[in-house]
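What follows is a pair of complexes built around chain A, which joins chain B in one and chain C in the other.
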Partner chain A sequence: MAALLEVDQLKIDARKDDGSLSPIVKGVSFNVDRGEVVALIGESGSGKTTIALSALGYTKPGLEFTSGEVRLHGQDVISMPSEEKRLMRGQKVAYLAQSAAATFNPSLTIGEQVTESPVLHGQLNQEEANQRAIELYRALELPDPEKLGKRYPHQVSGGQLQRLMAAMALCGNPDLLVLDEPTTALDVTTQIEVLKAFKSVIKQEGSAAIYVTHDLSVVAQIADDIVVLYAGEIQEHGRAEQVVYQPGHDYTRRLMNAVRPPPAAGQGDEMTGDHEREAPALEVRELSAGYGKKNNGNPSIRVLRDVNISIERGHTVGVIGESGCGKSTLARVMSGLLPASQGDVLLDGEPLQPDLKNRSRSELQKVQFVFQMADTALNPRQRIDQILGRPLEFYLGLKGGEKRKRIAELLEMVELPQDFAGRYPDELSGGQKQRINLARALAASPEILLCDEVISALDSIVGANVIELLKRLRKLTGVSYVFISHDLSTVASFADEIVVLYAGRVVEQGHVDQVLSPPYHPYTRLLIASVPELRVGWLEATMETQEAKAGIDRVVRITETGCPFFDRCPIKIEGTCDKEIPPIRNFGDHHQIECHRSEADFLN
Partner chain B sequence: MPEQESEATMETSFQELPDAPPRRRIRFSLSGKIGIFLVLFWVLMIFIGPSISPYNEADFLDESLFIVPGGDEYPDTDYQPPSKVALLGTDYLGRDTLSRILYGARTTIGISFAATLIAYLLGVTLGIAAAVGSEWLDMCLSRFNDAFLSIPTIMMGLVVIAAVGSTIPILVIMTGFIYATSVFRVARSLGQDVMVSDFVEAAKVRGEGLWWIITREILPNIVMPLATDFGLRFVWIILFISALSFLGLGVQPPMSDWGSMVKENLGGLPYGSIAPLMPSLAIASLTISINLIVDDISAHSGGKLSNKMI
Partner chain C sequence: MLFQAVFRRVLIGIVTLLVVSIIIFIGTSLLPGDVAEIILGQMATPESLAALRIKLGMDHPPHIRYLMWLGDLLTGDLGMSKAGSGAGTIGTEISVMIAPRLMNTLRLSGMVAIISIPMAMMLGLLASMYPGSRIDRIITFSTLSIISVPDFLVAMILVMIFAVQLGWLPSIAYMSGNETGWQLIRALLMPTLTLVTIVSAQIIRMTRATILNIMSSPYIEMAILKGVPRKRIILRHSLLNTIGPIVNVIALNMAWLIGGVVIVETVFAYPGLAKLMIDGVQTRDLPLVQACAMIFCATYVVLILIADMASIISNPRLRHPK
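After this line comes the complex of A and B, so read on.
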C-alpha cells in the first residue's frame, strides 16, 4: 500500500536579489504512513519548516519548487491547480503554527474558529461541527467541553489555547497534520500538558502527522520516525528508538550532545570553595515591585513580594520559574528599569536608587542587562561596531584606535570573526546576534550581567554554544551572572546557586546541589519532573507522578493570602496553606524553603 | 586519536546557519522606473524650464505670428490650437501654454515642496516629542492636533486667505501648518512603535539621554516610512495648492501655476481647446509618478506603511 504522503526528491530554491537560485532543500525523500508521526528535526536554517509546508503545496514567498514531487494519496500537490490546493488545505492537510496566541483571532469565540474550516469547506454543517468540536475538546482533556466554544481566546490559558489549535486543525478530519514547533515557546510544565494531549489525540484520531522541532527530547516522546536535517539534506532517517538510542550520524550525535542531562545535584561548575565574606556584588532586600497605579506605596498589581537574594562576586545565580512568576520583573527591578515599590537593591553593599535615571554612570556601568531577544535588542540600523562602540565611548570614554582595538577584542571574546564589525544585525544568524548582544553588555566591563532568558529563543545546539561561551567569559572576566531561565537543566549545568521563584515569591533558594537534591519544595520537584528526558516513554512515566497530576495544566496565580502554590501542590494542608503565609525553613548554609511542611514531610 | 579527529571535522562541517536572508535592496518595477524618469524630468524643468521656454509666462503672443498667408487677416490669438508658433496652443489671453507650464513647474512644485518641508519639520518634531515625552505632553499635543485635524483643509485655507490675503509666503506657511497635523499622527505612531522596542530599552538601561535615543535609535528606524509618506504628502499638497488656485485663492496672476491655469482656461473646453487639459496632464503626470515610486518603496517595506497612514 502506498504511503499517505510521499516526498520524492524534493528540491526547493530561494531566488536571490540578482535572480540566481540558491538551494534550500536539496533533494529530500521520505514517506509518511497512515497513523504515523514523522518528526523533522534540525536547527533553524535546516529547511525543516520549508519541507513541512510543501505538504500543503505551499512555499514561503521568495522560494520556489524546482524539482521533485510531494504526493498526497498518490497525487502531486505541487502541480495541483490553486483551486484544488485550496480544497485540500484544511480538509486533507491541516497546519498548526508555533504560536496559538497569534493564530487565534481575539474577537471571535473559540467555537467559531474551531468549526470554521469544515463548515466553510462544506464537510459538516454548523451543528455537526459543534458536536465534533466538543468531542475533540474532550479528547484533548480541555475543561468544560460543552461551554468552551462560547469563550474567547483570552479566557483560556496558553497551554489550553495551544491544545485548542489542535482541535481547530482536527475538526475537519484531516488525513495529515503538520505541526510546526508547537511546544517550543512553552514552559516545561505546559509543554508536557500539550505534548500529552497531542499524542493521545493523534492516536485516537488515527491521523498522520509531520512534527517539526529542534528538540530531540520532545521528539523522542511523540515520533515514530525521525528525519534529521542539516542544510536542506537528510543526515539520518530511522525509527525513533533507533535514532535516539543508536544514532548513526555525526550530526545526530551533535544534536544529542546539545540535549542537557536531566537536572541533578553535582553538575554545576566547581567554584573555589571558601571565599571571603565581603559584601555581595549585588543584593536585594525585602524587595516588592509591580505594575499599575501606585496606591499608598504599593502598585495595584504586585508581582514581586519580599524577595531576598544575594549574588556573590564571580558567582552565577540562576533564577527559575514558569512564565508569570516575576523572573523578568526581578531583572528589571535590579537594573532600575522598573523602580521597586519597597525594599532595596544594593551594589557592593551600597543601596542603589530605585529608578535608573537617578543612578550614576558608574553604577549603571557595573550592572548590565542582556535582553532575551537579540533580534529586537540590537538596533537594525546600527552596524556592529557602532553597537559595541557606544558603551565603550559612553562608560569608558574610548575613542578612535583604542575603541577599534577593544571592539576587536570583544568580537574575539565572543568568538566572532573581525569582519563582523562592518555588518548589520540582519546579516547575522540568531546565535551570532545573541553573541553580539552579550558583547555589548561586556563592553561596559560590568561586575554583574543580568541575563534574561538569553538562550530560550535559540536552537539547542546554538544555545549550548552560548552557555559554553558564558562559562568561559566568567572565568575570563570574573563577572557575576543573574541567569534567568525557565529551563532548569540549563541552569543546573551552569549556576552556583538557584533561586526558585513562584508567583513573585522565592519558594526555595540555595546552592545548586542543595536545591536539586532533597528536601525539595513541591514546586521545585514539579519543575525537575517536567524537564523532558531523551528517552522514549518518559512522557507517560512523568504523567503518573503525583507532582504532575497536581501541578500540570494549572496556571500561575498571584494570591494575596496563603501560599500561592496551594492549588497545584500535592502535599498541601487544607486550612493552613490557603490562609497563612508559609514560614521560611532553613536547612543550613543558605538553603531555604518557604513551606508549611517540615523536613520530615519533604522527605516522604 | 581518531576520536579527536572526528570531533574536529564536526566543528568545521556544521557551521551555524543564518536564520534569515539578508535585507533585500529596493528594486523598482517598470512603473516605478517610469515614475522616477518623469519626476526627474519635472525637477529638471524647475531649473531650466524658464530658459528653454519659447516665450515669457506673461507674454501675449502677437497676432501677426498667427497670420496664415492668404487666410484671415486678423485671427484671434486666444485658444489657438497647437501649431509651430505655439506647440501646445495658446490660453484664453493668447499666451503660450507650453511656456506657462514650464514656468508654472517652478511655482507649483516649489511652493508645494516648501510647504511639505514645513509640514514635516513641524509634524515630525512634535510627533516624536509626543512619542517620547510624558503621557501628559502626548495627551495635550494629540488632542490639540485632533481638533485641528477635524477642520476640513479647504475650508481652513479659505478662511485664512480671506483673513490675511494670498501671497506666496502665506500660502506656503498655511499649507505647511495644515498638513503638519497629519504628519504629526504618522510620526507619533511610528515613534511609539520604536520607543517600546528592546534596543531603546537597552539604550535607556545604558543611561543614554533623550537626545541620543531620538537621533540614534528612533529616527534612523523611522526614516524610510517617513520618506515614503513625504512623497504622498507632497502629492496631496500639490493637489491642495492647485485646488486653491482653481478657486482663485492660490497663486495670483500673471504668475503661472498649473492649478490656476486649469481654472483660467475652462472656458476653452467648449471650443475644443487643449489649454485646460495640458496643465491637468502636468499635475497628473507628476503626482502619479510620485505615487508609482512610493508604491515600490512601500511594497519593499512589506506594506506595513499603509496601515500606519490610515
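After this line comes the complex of A and C, so read on.
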C-alpha cells in the first residue's frame, strides 16, 4: 500500500527582489505512513517549515514550487486546482502553527474558529461540530469544555491556546497533521503537558503527523521517524531510536552535542577565587517592585517581593523561572530602568539610586544590560562601529584612533572579523547580531552584565557558541553575569549560583550543585523534572511522577497570603501553606529554600 | 472595563474642548482692537466706547469674561455680530447668521460623506484584494497623485475640465437660498466633486494599507490553511479587525472635511460656514470668528471621539474582559 503522503524530489525556490531564484529546498523525498509521526528537524534556514507547508500545497509569499511532487493519497497537491486545494486543507491535512496567540483571530470566538473548517467543508453541521469540539476539549484536558467555545482567545492562557489549536486542527478529522514548532514558545512545564496532549490525541485519532522542530529532545518523545535537514537537504533519515541513539551523520551529531544534558549537579564551571573580594559586586536587599499606580508606596501590580540576592565578583548567577515570574523585572530593577518600590540595590556595597536618571555615569558604566532581541536592540541605521563607538565615547571618552583600536579589540573579543565595523546590523546573522549586542555592553567595561534571555531566540548550535563566548569573556574580563533564562539546562552548565523565582519570590537559591541536588524546593524539582531528556519514553515516565501530577500546567497566582506555590505543591500542608508566608530554611553555605517544611522534613 | 474606557475617553474629549475654547478666546483677544471699537468704528468717542464696553461686559477681567462667554456658549447664545448693523448699534445675533450657513456646509459635507465613504471603502477593498495587480496599481497611482496636489489646485483642475472645457457645470456655486431640486444639485455638484476626490483618495489609501496589513497576519494564513474561502476570509476574518482603524480614518477625514472646506468654499464662492468665517476675519468680526472656530473645533473633537470610541468598542479585549 502506498504511503499516506509521499514527498518526491521536492524543490522550492525563493524569488529575490531582482527576479532571480535561489533554492530553499533542494530535492527532498520522504514518506509519511498512516498513524505515523515523522519529525523534520533542523536549524532556522534548513527549510523544515517550507517542506511541512508543502503538504498543504502552500508556500509562504515569495516562495515557489519549482519541481517535484507532494502526493496525498496518491494525488499531487501542488498541481491541484485551487478550489480542490481549499477543500483538502483543513479536511484532509490540518496545520498547527508555532504561536497560537498570533494564529487565533482576536475578534472571533474560540468555538467559531475551532469548528469553522469542518462546517465550511460540509463535513459536519454547526451542532455536530460543537459537540465534536467539546469532546476534543475534554480529550485535551481543557478546563470547562462546555463553555470554552464562547470565550475569546485572549481570555485563556498560552498553554491552553496551544492545545485549542490542536482541537482546531483535529475538529475536521484530518488524515494528516502538520505541526510547526508547536511547543517551542512554551515554558517547560507547559510544554510537557501540551506534548502529552498532542501525543495521546494523535494516537487516539489514529492520524499521521509531520512534526517540525529544532529540539531533538522533544522529537525523541513524539516521533516514529526523524528527518534531519540542513540548508534544504536531507542529512539523515531513519527511525527515531536509531537517529537518537546511533546518529549516522556528522551534522546530526553536532545537533546532539548542542543539546545540553539534563540539569544536574556538577556541570557548572569550576570557579577560581581570583576575583573575589569582601563586598559582593551587586546585591539586592528586601527588594519589591512592580508596575502600575503606586498605593502607599506599593505598585498596584506587584511583581517582585522581598528579593535578596548577592552576586560575587566574577561569578555568574542564573535566574530561572517560568514566564511571568519576574525574571526580566529583576534585571530591569537592577539596571534602574524600573525603580524599586522598596528595598535597595547595592553596587560594591554602596546603595544605588533606584532610578537610572539619578545614577552617576560611573555607576551606569558598571552595570550594563544585554537585551534578548538583538534585532530590536541594535539601531538598524547605525554601522557597527557607531554602535560600539558610542559607549566608548560616552563612558571612557575615547576618540579617533584610540576608539578605532578599542572597537577592533571588542570585535576580536566577540570573535568577529574586523571588517564588520563598517557593516549594518541587517547584514549580520542572528548569532552575529547577538555578539555585537554583547560587545556593545562590554564596550563600557562593566562589572556586571545583565543578560536577559540572550540565547533564547538563537538556534541550539549558535546558542551553545554564544555560551562558550560568555565563559571566555568572563575569564578575560572578570565581569559578573546575571544570566536570566527559562532554560534550566543552559543555566546549569554555565552558572555558579542559581536563583529560582516563582511568582516574584525567591523560592530557592544557592550554589548550582546545591540547587540541582536534593534537598529541593518542590518547584525546583518540578522544573528539573520537566526539562525534556534526549531519550525515548522520557515523557511517559515523567508524567507519572508526583510533581508532574500535582503541578504541571497550573496557572501561577500571585497571592497576598501564604505560599504562591500552594496550588501546585505535592507536599503542601493544608491550613499552613495557604495562610502564612513561608519561612526561609537554611541548608548551609547560602543554600536557602523558602518553605513551611522544616529542614528535617527536607533531609528525610 | 469597556464602560471605564469609554467614560475616560469622553472625559478627555470634554477637557480637550475646554482647552480649545481657552486657546480660541486668548487668540482672538490678542488681536488688536476690541469689539466696542469695531462696532463703533469711526463714530467712537472715549465716552461712547466706555459706555458700550460696560454694556458688553468688557469691563470685567479676562477670566470672568471667558467664563461669561463660555456660559453663553453652553446655553446656545453665540453672542452678537457687528455685521448688518448700522454704526453705533449692536448687530445681529450670530446664531441667526450662522444657522443657514451651517446648513449649507452640512449639506455639502453630508453629500460628500454619502458618496465618498462607501465608494472609497469599496475601492480600497478592491485594491487590497489583488495587491500588485493592474487595478491596484491604477488605484494606488491615482490616489497618490491626488493626495500630492494641493486642494485648491484639484478644484481649479475640475473647474477647467467641467466648467471651462466642457461647459457642463457652473464654475461657482452661489446660492440664493431658493434653489430646489436640480438647481440645488447643480450648484452643489462642483464643490462636492472636488471634496469627494480629495477625501476618497485618503480613505482608499488607508483602507488598502489597513487591510493588507491584516491580510499578512498569521491568523489569516491559518484561515487559508484551514480551507476558508477567500470571500469569507475578507468579510469575516479581516473586516472585523479593520473596522477600528478604518472608522478612525473616516472620522479623521470627515473632521478635515468640516474644517477643510474653507478653501473649496472660497474657490466656488459657496455660502457655507467656512466662507462666513473668512468674511468674519476680513471684517474683524471677532465674536463671529470665535463662534465659527468653536463650531469647527467641537465638530473635530466629536468626530475624533467617535473614531476612538469605534476602536475601543471593536477591541475584543475591552469588550470581553477576562
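Brief remarks follow.
Throughout what follows, the second predicted complex is superposed on the first by the 596 of 604 C-alpha atoms of A that agree within 3 Å, B and C clash if a C-alpha of one lies under 4 Å from a C-alpha of the other, contacts with A are read in each partner's own complex, and residues count from 1 in each chain.
Basically, a residue touches a chain if its C-beta (ideal position, glycine included) is under 8 Å from a C-beta of that chain, and two chains touch if they have at least 3 such contacts.
Only a predicted model underlies this, so the values are computations on that prediction, with no experimental measurement involved.
After superposition on chain A, the partners chain B and chain C collide with one another.
In the overlay built on the shared chain, the residue A:Met88 is in contact with chain C alone; chain B does not reach it. Residue contacts after overlaying the shared chain place A:Phe420 against neither chain B nor chain C.
Of the two partner chains placed around the shared chain by superposition, chain C is the only one that A:Leu108 touches, whereas chain B remains out of contact.
Contacts of A:Tyr152 after superposition: chain C is touched, whereas chain B is not reached.
Legend: residue contacts after superposition of the two complexes on their common chain; A:Leu56 is shown touching chain C, with no touch to chain B. Contacts of A:Tyr230 after superposition on the shared chain: chain B is touched, whereas chain C is not. Across the options 44-52, 206-214 or 242-250, chain B meets chain C in a clash only at 242-250, per the superposition defined above. Considering their complex, residues 6, 9-10, 13-14, 16-25, 27, 197-199, 201-202, 204-208, 216-217, 220-221 of chain B touch chain A. Across the complex, chain C meets chain A through its residues 216-219, 221-229, 232, 236-237, 240-241, 314, 316-317, 320, 322.
Across the interface of their complex, chain C is touched by residues 53, 56, 58, 61, 85-91, 94-95, 97, 99, 102-108, 116-117, 120-121, 151-152, 154-155, 168 of chain A. Interface residues of chain A, counted against chain B in their complex, comprise 14, 17, 43-46, 62, 230-231, 250-251, 254, 335-337, 356, 359, 361, 364, 368-369, 371-373, 376-382, 390-391, 394, 424, 426-432, 440, 444, 461-462, 465.
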